[in-house]
């Protein structure tokens, strides 16, 4: 054999192989399988945290500072049934969503301007650096002048808290879009708004989503803090007011019931809204593991 | 075989002449173009003083060693970079920005929009740039996806494709647009011999049908001879025009002439001593 | 007294109502009286807080030993801890005044449904409670919350700015010293005075602590009482020096004479150690359900040592 | 001519070309050149904003609500000279930086665990969804129990405000690192910490930097709000307390001087710290235009 | 020329035999490996029941049409994917995770670390995986950068390089590591004819010097014949072993035999009717 040789492979009987595959895939134990589901693991985690809360609070035995989970849950249930919490949640959510949407839209406008014009970039960068660190109370005087008392001032403050976080993340996401994709967009003759919406937004979607998540969280934080600062015309306060009022009345289980409500809503939004969006976008597109 | 290698001829008689003559009617004129990249610490000259012109229905190949500025030249024609000096005109109008009249197939594998399936990727420019109705765009997209043998992957997202498959989607996207000029940067480099031959044939077939103009970067001299009618040879870093081969399609008729041309081009490109970048 | 704590913390809320505590701090009166009572080397940490809620938390978590804030907070804590927090002594009982820029509003009767009254905290602040008590007197117990829809929450400085702004929808402010006098100076007029609602003075600044602390540290408690008495004496004798103490503690740059003028307003020298009007307050709080237990007498929520104060 | 022809190009005289280049590069007018410098444009922007402030405040003529810039600047100068502001800034910055660094380090630990273990991922995702929306006041009882009054409680609250934003951005950045780069890291045998530090961190640096920026801003906001809640022991309040105190004293120009200080520090940090980091990392590496 | 095409022989006598015989001493054994990708909506089988073994100092080429699973196979050998069925052993130990004993040159252009210069990119694995001292690593890195003709770009960041230059850096990085097995996924696809030939020569030269083992994916049959001693031919989607060519290096001695082998392989791969994916 002094020359090359070609050895043909025999045809493979694939059936046997497939049987083999099924076997391999069934090898996972049921515990492993159950723990493989992220929802299950998260539930376990939440239960563990709940137990820690209950045990630690019982050990502390200072119900005016840190009530047990069971007290909190009882109060939560009572306040739900008597209709207080649902109406507070509703009030808060209305303002929250208005402010969140407005902030996001403004962030979109700012970043679109920033990505298309040089002065827009400078404007966004400067404004972000200047206003992002400012606490909401600093906007109070201006909000009072412009919007008076009530929901519109709250929305204004909410916008302040959502805008910069979303804008920063979106802008950074836009700037990180790969050169090739940007050239592809230019190649299709896309410019301005349609370029941003059809190329940059989907390409920077992971960053945008992170910004939206952070913005959402900060909208909550700000709203709850701001309801205290901006006050309410009585009877129509939201969750923040509910917490504050009960703190003032030293009804601490109710305070924690309010906070727990915030946590629960946070979990719902994260797991139902954001995770669903993620699954149908960046995960499907292979932009995230 | 190769009729004449014009050498040691009065410099002004060579390439410039051809250009001047064709200036008025050329589809694309690249005139003494120098392209530079500015990086924080230094200025990189990619091509220097490059001139050529492309006529309507030319199949024009850019051939040169790695890093000589082929992609850069293509980007300049595509409108992504402005020349530091010189000018680029299409139909007599200077190239200022990118546009769908010059569809580009990039060298990079990440040129597909990851949020669109193969079908949507091919349809998208048809809808936004060619303004085709959805139904028509879809039909045309499917046709070209078939041509690049990706029927099976029509509804796959790009991240589930192999390197070669991605490039074929990009080729389908470019060809489906039937642009004035198709700019292709090593489109077939990631393809196996057979698929490559099929793609070359598809390209030529399409050219027979629609007589579009294509500027094509390739590393393979054989491929250049097969697909082109004119070849521009570039010298290494910074890219300068070394020679131009015209009437390349003639080499295919009689067998053997293509091989001879290949050898000639090879020698011309690489025979120089001290070819280092 | 060997086990008694010598390093104690007391909260401080800057303001003219807390003038006695500022004098006690600058003159080191608690230290002095503790020493006289046999407890040497007492150090008192005064920690500034912006409001009552945070002080409550600080006391409950054991981070401060004695707090110095309003009657409402004392009653609430006494109720919620089932008597484990009690008052030591009070130091001021000045009136709080509601002012208005709107000439139509001469008394509470003139408040229409669309008029807005600024209060520090809707529903729970002394001012808000006073409005409820007034409503009870005017419309009966069935309409205690008559004015609640009129109240809006604004901090005193913001409310003052609102009154100064002619176009602002808030034209009335249930204020507090010194803002009420600045507002009156600026041309606003008095609508109602807390004295009229309570029928007498209402205790403002109150020192209170946990019974556990009081039992373990009788000397400190005694020293706080003695120091308060002495501080009030000093204020009465020499208001100017007391005000300098206030200026030093709060950093207020207001001219001393202006401050003296404020102290010269009617009832502004009501610095007194006996709880005033607290049972009326408690009765109302119990009526609206804030207090779960109704104290039988004011001594229920003051330390046994303080029973001699002759309060009400 | 019935066969292919090779036409050689004449040697090009490059000298003439170079002269030409120089000419092209000098064509920019001096105004254009000046406006081309981002610092100049930003300065102009800031001056415009300052003028708007001054004019609007003069027009409003309600110094209790919104003082003019000139009043504010005068006060700022006075308070700087008399040493008040410098000492307040110093107090605030100490706490701020401690909290910021601690929050960032914790975020790093959480994300490293999250990227290496499945339970870490669940933990991070659940905790972020739960705690990120919670306002700082909700942590007050725990902070008081664990850390008492004083700087450590403030630091604790700061960590809460920095941690989630930085962790979210970092984690999202890690998950978005291209598959190829991750395989390269694995190829070098890098695992665990060294894999994260040597591959993921630089590759996700744009996202991390955005997270750090947002975290920084929120640390400021939180600190200024939290200083009011936690009180101060004599004489060592920070900027937040300064603002609150002067509000109570109706010294509104001083309030705005405090806010202006926050803005100025924000601008300095953004333009000196973050921009420098950016220039030496993601810009140099071509990860951002 | 081609001595024998063994066909219609008892299936068990063919490839399996070769494998069984070599199993004990093989450097790498891939045994009945099936590789699948799980996507949200469907399961994609990339290769099915693929078996082969690579001996120490083999220059082993994987050849097959685009999308047949070559990259996937290489990734499985690299330890990035676990087979759905079958097993992969190196030196008798199963492959569980990636490691620097199998240096990989990827097909993608984004495999360089963008935050490191060319030099640092080549040095980095030498330092972290081979634990070379800095100075030595630098010397070795420079040597290999010279070999791939990138001396001029030593201190450039990857984003300033052309496609071919990036791939050459990756090649330098892989070769500088002198790993037990070098896995190369179409490393030369982006290179021009001359550079490609130089790289092939460098690879062979290096092999002469160090006798490392290399698994190489290429689309060019000619390249396969030039660089390999064994070629595995894969059928299209899903990739199955079609044939193996051994003693490939013999084809180079006498001229013409290489061409014949190329033709044979070409026919074998592509003659099938209905070759579509």
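Things to note:
Order of writing sets the labels: A, B, C, D and E. Residues in every chain begin at 1.
The criterion applied here is as follows: a contact is a pair of C-beta atoms (placed from the backbone, for glycine too) under 8 Å apart; a residue touches a chain by one contact, two chains touch by 3 or more.
In this text, all values refer to a predicted model and were calculated from it rather than measured experimentally.
Chains that touch both chain C and chain E: A, D. When chain pairs are compared by their number of contacting C-beta pairs, A-D comes first.
Here the spacing of chain B and chain D, counted between their Cα centres, is 44 Å. The mean-CA centres of chain B and chain C are about 84 angstrom from one another, to the nearest whole unit. Computed from the mean C-alpha positions, the centre of chain C lies at a distance of 42 Å from the centre of chain D. In chain C, the residues that reach two or more other chains under the touch definition are 57, 60-61, 161, 165. Looking at chain E, one finds that residues 108, 110, 157, 159-160 touch two or more other chains. Among the residues of chain D, those touching two or more other chains are numbered 62, 65, 141, 144-145, 179, 252, 284, 287. Listed by label, the pairs of touching chains are A-B, A-C, A-D, A-E, B-D, B-E, C-D, D-E.
Residue ranges of chain A in contact with chain B, taken from their complex: 178, 180-181, 183-184, 186-191, 194, 198-199, 202-203, 205, 281, 284-287. Those residues of chain C whose C-beta lies close enough to touch chain A in the complex are 53, 56-57, 60-61, 76-77, 79-81, 116, 121-124, 145, 148-149, 151-154, 158, 161-162, 165, 168-170, 290. Chain E meets chain B in the complex at residues 37, 39, 44, 63-67, 69, 71-72, 107-110, 149-153, 156-157, 160-165, 168, 186, 189-196, 219-221, 237, 266, 269-270, 275-277.
Chain A meets chain C in the complex at residues 62, 64-65, 140-141, 144-145, 148-149, 230-235, 237, 245, 247-250. The residues of chain A lying in touch with chain D in their complex are 38, 41-42, 45-46, 49, 60, 62, 65-66, 118-119, 122-123, 125-126, 128-138, 141-142, 144-145, 164-165, 168-169, 172, 175-176, 206-207, 209-210, 213-214, 216-218, 220-222, 224-225, 240, 243, 252, 259, 262-263, 265-267, 269-271, 282, 286-289.
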